[in-house]
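Order of writing sets the chain letters: A, B, C, D, E and F. Residues in each chain are counted from 1.
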Amino acid sequence: MKVYLTRRERFNAAHKLWVEDWTEEKNREVFGKCCNKNWHGHNYDLFITVKGTPDPITGFIMNVKELSTIIKERIIEKLDHSNMNLDVDFIPKGMQPTTENLVVLIWKELEATIKEQGGELHCVKLYETENIFAEYYGE
Amino acid sequence: MKVYLTRRERFNAAHKLWVEDWTEEKNREVFGKCCNKNWHGHNYDLFITVKGTPDPITGFIMNVKELSTIIKERIIEKLDHSNMNLDVDFIPKGMQPTTENLVVLIWKELEATIKEQGGELHCVKLYETENIFAEYYGE
Amino acid sequence: MKVYLTRRERFNAAHKLWVEDWTEEKNREVFGKCCNKNWHGHNYDLFITVKGTPDPITGFIMNVKELSTIIKERIIEKLDHSNMNLDVDFIPKGMQPTTENLVVLIWKELEATIKEQGGELHCVKLYETENIFAEYYGE
Amino acid sequence: MKVYLTRRERFNAAHKLWVEDWTEEKNREVFGKCCNKNWHGHNYDLFITVKGTPDPITGFIMNVKELSTIIKERIIEKLDHSNMNLDVDFIPKGMQPTTENLVVLIWKELEATIKEQGGELHCVKLYETENIFAEYYGE
Amino acid sequence: MKVYLTRRERFNAAHKLWVEDWTEEKNREVFGKCCNKNWHGHNYDLFITVKGTPDPITGFIMNVKELSTIIKERIIEKLDHSNMNLDVDFIPKGMQPTTENLVVLIWKELEATIKEQGGELHCVKLYETENIFAEYYGE
Amino acid sequence: MKVYLTRRERFNAAHKLWVEDWTEEKNREVFGKCCNKNWHGHNYDLFITVKGTPDPITGFIMNVKELSTIIKERIIEKLDHSNMNLDVDFIPKGMQPTTENLVVLIWKELEATIKEQGGELHCVKLYETENIFAEYYGE
């Protein structure tokens, strides 16, 4: 019996989309206003889903407070109020901090730690605006 | 051709998380403030998804008003303004009314009735707060 | 590595649910207030999900501005401020514009165009109200 | 001591903005897509605010269930699934059913009935979309 | 120059509406399902608004982190995961914990402390559900 | 007869809160993580309210498309995807781009232009996150 449990956390960050090897013109063509050299930013909504069988005594798949603590320590403390192109150790320099890349990078940061706590990561979902979000299921 | 149709219903209820065989200290350690002996409560948002092929004449998988009526009669009338530890016949006494347990219990209440009405239950999703929700797909 | 990217667009439209071959009484019985001969309407929220591997340079599965442009040109310009029973070329006359039928019709409008742009359509999700939505995954 | 209590109700309706004395060109210029002769529609969110002093025994300004009943009987039953240009007795024929006009018309429908029940109407607020709303305070 | 600044905080609590001097029948008639003797509960959204002139150096009316700390210490720690009829020192025993009464009680708890921190309380707004909220402006 | 009409627009921007004359320590103490030298950012929700009497023919206080155009040309084009400390002509250099300062600056940008179009500005409201917003009424 598989039940899925999701926890939302939030962070606010700056970024820009900019390929160093490209001209400004090409960056502008591909990334539009997202390539502003002085950065812009977003409020991000992050949804982390774990799956498992509810414990017969506690009714928990995983203690949601522990899940929240893991997400905060591994992800939110690094991303919140950061510049994602410059400040975050798990985002490779030069990799564009798009929503698509971020869900994969966040998955890699969380998967092992959640497993150590007895959980199994199922999905990383990230809203960049109310109109755009990405999801990654680990494969 | 499978289309998925979801109906939201809402209920407000009290509960606590408390294992009788444990000390207060252990309950506090595992459940935190959720073990307050005087209860606390939530506004729950329930999303019921059925699947099927749209009828060529009505364009319906299942009449959403009938689906709503089933959810209200089987679930909302029992849970709304209830104490989920004490008042609800389909929640076994002593079972923790966690979001994870609730989605499984609600599935069991709805599956057969929806089938009788020609529908096929696909997912039960329940929000406890804007930050926590659980899902169950029947297996 | 599959990542899923979703773009939301919105439209406002009128419709009614009405089967010509039925009596008014039967229409009323099946469709309730949705069969008002003078129409009613909704604000629709449309979520289009594509899947793919993020490009190693841009970090994009698909340029979300291009995706937005496709959705606007193929879907929103036709549906927004329309009467869906009368005005929309891709909705067959006599087919009920239910949420379930709409997600399938929208899928058919978008699938090929998105493929031409190098994307792969994964899901069409449509909210009719805050309480009702449908999803279609192409099969 | 004045406390303000607000109840939300919802309705879905069709309308168009069209001045009979104008050419189609002028209607198009002023009203844009809202003048589609075949109508369009919206999900409306209606917020009714009453003010008063909480009763020392019940803690109520006004019983919110009674307030809800008044709004449903006087407003929602008439507007929900209606065509607001054709079907609604309290909207004068030829008056444009704009959000601005609707809040004034709804005020007039509610004020006396709420007063009969011991309440005092303070504000009518109406969302047409997530991006547009109007408010009226009775003067 | 007056600018208004609002901070949202949230709490989850149980309560019931029940007048001891009344029969069960009368309680049921006035309070409906809200008088369930085993309690029910809600997720509450609390919006606290202060007013003032932005400081010419910091651009702050009041440091929003300090405002958040005050709200958490004075209100949220007492109300969150509480039974509002039994557990909260600033709610008089026997007073109904209606949304209308709560906004006045919360005002009284916050007004002086906010003034000590150089702020001026303007409004307490409390959502009980997505459909009901109350506001109090101190007079 | 005064009716209030509100239009929402959105922008995404980077900023930091940092007083040049202060030490890093003092900046950190007052602004917390908001003083990160590499910036951070937000999705801002801007609500512009105008007031007036509905025109007897159009039912408009002010054409909401014109209002939207003014907001986009005067505010959104300058703020969207900007760095608010560096890029925006109507934000004085050295002034902190707090939500409180922004609502006053936006008021000044909009008031005259809205008046020229026959409208009267009533309120500028700006959400920085789901938990923080500021309002300004022009005095």
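Criterion: a contact is a pair of C-beta atoms (placed from the backbone, for glycine too) under 8 Å apart; a residue touches a chain by one contact, two chains touch by 3 or more.
Treat the numbers as computed from the prediction; the structure is a model and nothing was measured.
Chemist: Counting residue numbers used by both copies over all numbers at the interface, does the chain A-chain F contact come out same (over half shared) or different (under half)?
Modeler: Answer same: the two copies use largely identical residue numbers here.
Chemist: Going by more than half of the contact pairs matching by residue number, which of B-E, A-F or D-E reproduces the interface of B-C?
Modeler: The chain pair with the recurring interface is D-E.
Chemist: D-E versus B-E: which interface comes out with more C-beta contact pairs?
Modeler: The greater number of contacts lies at B-E.
Chemist: Hey, how far is the Cα centre of chain A from the one of chain C, in Å?
Modeler: 28
Chemist: So which stretches of chain D touch two or more other chains?
Modeler: In chain D, the residues touching two or more other chains are 130.
Chemist: Can you name every pair of chains that touch?
Modeler: A-B, A-C, A-F, B-C, B-E, C-D, D-E, D-F, E-F
Chemist: Under the stated contact criterion, what part of chain C meets chain D in this complex?
Modeler: 10, 12-15, 33-34, 36, 38-43, 80-83, 86-87, 129-130
Chemist: In the complex of these two chains, what residues of chain F are touching chain D?
Modeler: 1-9, 54, 57-61, 63-65
Chemist: How about chain B: which of its residues touch chain A in the complex?
Modeler: 17, 19, 30-32, 95-101, 103-104, 130-137, 139
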